[in-house]
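Below you will find the structure I want to go over with you.
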């Protein structure tokens, strides 16, 4: 099973995402933003960072990178895609996921160990968890406030597409404490916190993040 | 040579933490009588040529796809003399 | 009209603004002597900026020589590069080397806090990159005026956002630093940034232009008019004496550009097509060209018209002085230029050949086909003026040292001690730094083993073997004011100890020396004492100084800041999985205090917080004890005998205990060792002490080791889960109450 | 009720990384004929009362101290009808 990780100019957590794939026993493949080619991978991670410096709006410029064309097609065809932090922003800008991510309500960058509840353990990226399972993984963002209009939020809740929610503290002003959402089919997931930073006891606050990567490897193996 | 200015503001229903913070700071500094502050972005785009209708239409397209995100923002555009 | 060398030779009496550019009359005369004519405007620009205090170290050089005279061998081997290079390089084994350095960006951060701090981080990162290393972490040491001062309210949030904004965007974990408040820094904040990088031995690139015919390539951002004169004027003059030629002197950083520059440069290194490289710091092209040429064996010719500009109206001397950020200069063999350009294009980095290495022995620069610079490069870059500034022990020093804290009223009852403790843990210098450090990404790159609020940052360097490094950055301006020699050694001792408590072996030192005006003999004495103290201390510890930075003229009018030598210590840890964390976690673990406690309150946080008092002598330094302590910690870490260790410094044992219980929210029962006064036990700042938590089964082995080495060790308590810190027979205080007192201060001060 | 708009732009000689990035993106997306882009901030300040000369003078002071840093930025202010 191969999982590709896209490097945009300004991607920062790409090497971490590749490492997380390897620790989860997947084959990690590095993808380049300028190639309109997914190199035959089975799933893709859009990693965290500051693509194009996060100038303009986070993810707004990366969304037009050449690799996004085949990626958008693949996403529509059901390929598992995970956008972490900046990757989540890219997916929203590309309209693969609803809503948008805006400046934190306290206007500061925040880095903390964040408690989350997995609200939907049936997406391609969360099947290793239990519904309602609580996990702690790092969160770090300056523009992580998830916003959408009420109708969209109601629909997301109604369809079980809120994948994860913040517990104990809403770190960025996200509407309804939303930390991650999925598309209708559940193959595309966007998540503001960073599971790839919680895959080793030595460097993470837990190993709770590993489940995102094992989920997709297992679901692909089953398919 | 012409200049097109594009203003991008968050939609009224979206929380604007920066505007709110500026409002709070104005209050604390004793600037009274302000009822609300919103903060947005301003782009000054210099064209190499004239602001022909085609050129402006192009910028308008850029404004609605790249410079603003219609999910959360509105924009307005004007050609400066 | 262009001021060519030919023109200059013909017009010897043409008046020049050397004074406005910061040169002294004798310095201007020396330039004329060197050239045998008056300098052109472009040459004047180069000499003035390169001979500024900031670039030439003209006041500090005679003292800094001490560091180079020391043994350049660390406990883990010889330095691969030492003082004189962009940054020192330490061999850490496995074919790997580490380079680290701190730099100040004090005045720019006062003028424009966000951009000043951001470009400070950017500058030090390029320094490390230019050594051939991949930057892997940053730290920041910050000092401000009083927490409640208006100016602190203006400066601090911007500085913190700037350090975070730039470092986070580069993808470098921030693994530690300092935040200190003191009235002496009002109007004179200190912003010191450190970067650490890693390379394989063979990748060490030293800054020099050699090989006749090699091409000189400028790559990165375009050159603009920002920061012109910043080096000579911003950093080397006091605020009041701003002369007439000041241009808008602030630079704006573009961390995205820098991120591309890093990746591009690392790919160029990997392709082995870089013969020499230099970062652009203060003094821009003047500095890069003259330093490269001076360090090589030949000469260099530069065509200034080829420098890509952001602002086409810039004059040649402005181009030479511009401090535009995010630029580098490389020397490349002609056959490799095409590959060089290709790699730059991949990363969307602009690159232009602007010159060539030749055998002339001179640096020549042409503009519009005419020669505007023709100088021996050494005279610009390396043979600047050197001053033996007068220095003398200040006449107020004796009175200050005589004002001992012995007469200050001390808390005597348990209730008084409890109230003192709560007041101290919430005071500006002892309260939680989370409001600051939560704005920094400590996770990126996935190798951060320890970061704030741990005593030192620990990074994994080699995933296969677990080889890693530890770093701490410390200073105490109050101690240094009381006695700059000892105060500097105390900073060294604390940084050394902070590295040691992680289980790492301290091996090498860097510094950033922040002082007032060198023209004030009092300040110059402080500086000389600080250097002497650091050099002697490093000698005793066997940890050489590998490099550093000096920032002078940190003063408003006649008042200088406290002398503030910031010391960084690098440690090596063979296997990061053996590191010792700092917080108590497990009920039942036994708490030991290692080291002896004396009645030492000169310069202490207690005297500061409770009495607003600064006087007497700082705590005594004992490097022998520090070494013995570090050895014990290193062995104990290797054997897994210690579950947690925390350095005892500002605020004493009380502060260390509070931080240890708050880390994971456990409780502890503590008793005052026999023969010690409870107040002295809790709040004295005696050195060479740490508190450790030892699992019961390891206790005998551990105490046996301490006893065998003759190191004082006292069983002072036990970790529990009762939710209180209980000092038996004195007082007890709930963890929740402690947490509130500790964590509320900064958020309350910067609430909107 | 009146509205005061304050535009804050980086001074021309100061690097504008955001404008640069937007310009690059416009080029890559094939929007041609743009010679430069600068990005700044726009503040929409609603007053509770009328835009009296005193009120505007107050906002002007805020614009030069709080809303902009004169070291690197220029601002312009206008009252909207």
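Read from first to last, the chains carry the letters A, B, C and D; within each, the first residue is number 1.
Methods note: a residue touches a chain if its C-beta (ideal position, glycine included) is under 8 Å from a C-beta of that chain, and two chains touch if they have at least 3 such contacts.
Per UniProt, the chains are A = Phosphoribosylformylglycinamidine synthase subunit PurQ; B, D = Phosphoribosylformylglycinamidine synthase subunit PurS; C = Phosphoribosylformylglycinamidine synthase subunit PurL.
Since we're looking at a predicted model, the values are computed, not measured.
Engineer: Please state whether C-D or B-C has more C-beta contact pairs across its interface.
Structural biologist: C-D
Engineer: Please report how many Å separate the Cα centroid of subunit A from that of subunit D, as a whole number.
Structural biologist: Measuring from centre to centre gives 34 Å for this pair.
Engineer: Rounded to the nearest whole Å, what is the centre-to-centre distance of subunit B and subunit C, using the mean of the C-alpha atoms as each centre?
Structural biologist: 40
Engineer: Centroid of subunit A to centroid of subunit B, CA atoms only: how many Å?
Structural biologist: The separation of the two C-alpha centroids amounts to 29 Å.
Engineer: Residues of subunit A touching 2+ other chains?
Structural biologist: 52-53, 55-56, 60-61, 64
Engineer: Could you list which residues of subunit C touch at least two other chains?
Structural biologist: 254, 256-257, 348
Engineer: Residues of subunit B that touch two or more other chains: which are they?
Structural biologist: Residues 21, 25, 66-67 of subunit B each touch two or more of the other chains.
Engineer: What graph shape do the protein chains here make by touch: line, ring, star, complete or other?
Structural biologist: Contact pattern: complete, every chain touching every other.
Engineer: Quick check on the complex: what are the subunit B residues that touch subunit C?
Structural biologist: Residue positions touching the partner: 21, 24-25.
Engineer: If we count contacts the way the header does, which residues on subunit D are in touch with subunit C in the complex?
Structural biologist: Residues 10-17, 20-21, 24, 69, 71-72 of subunit D touch subunit C in their complex.
Engineer: Taking the complex as given, what residues does subunit C use to touch subunit A?
Structural biologist: Listed in rising order, the residues are 161, 164-165, 168-171, 254-257, 259-260, 347-348, 437-449, 460, 576-577.
Engineer: What residues on subunit A touch subunit C, complex-wise?
Structural biologist: Against subunit C, the touching part of subunit A is residues 9-10, 12-13, 15-16, 19, 48-50, 52-55, 108-112, 138, 140, 142, 194, 196-197, 200, 202-204.
Engineer: Where on subunit D is subunit B touching in the complex?
Structural biologist: Against subunit B, the touching part of subunit D is residues 1, 7, 9, 19, 22, 25-26, 29, 31-49, 55, 58-59, 61-62, 66-67.
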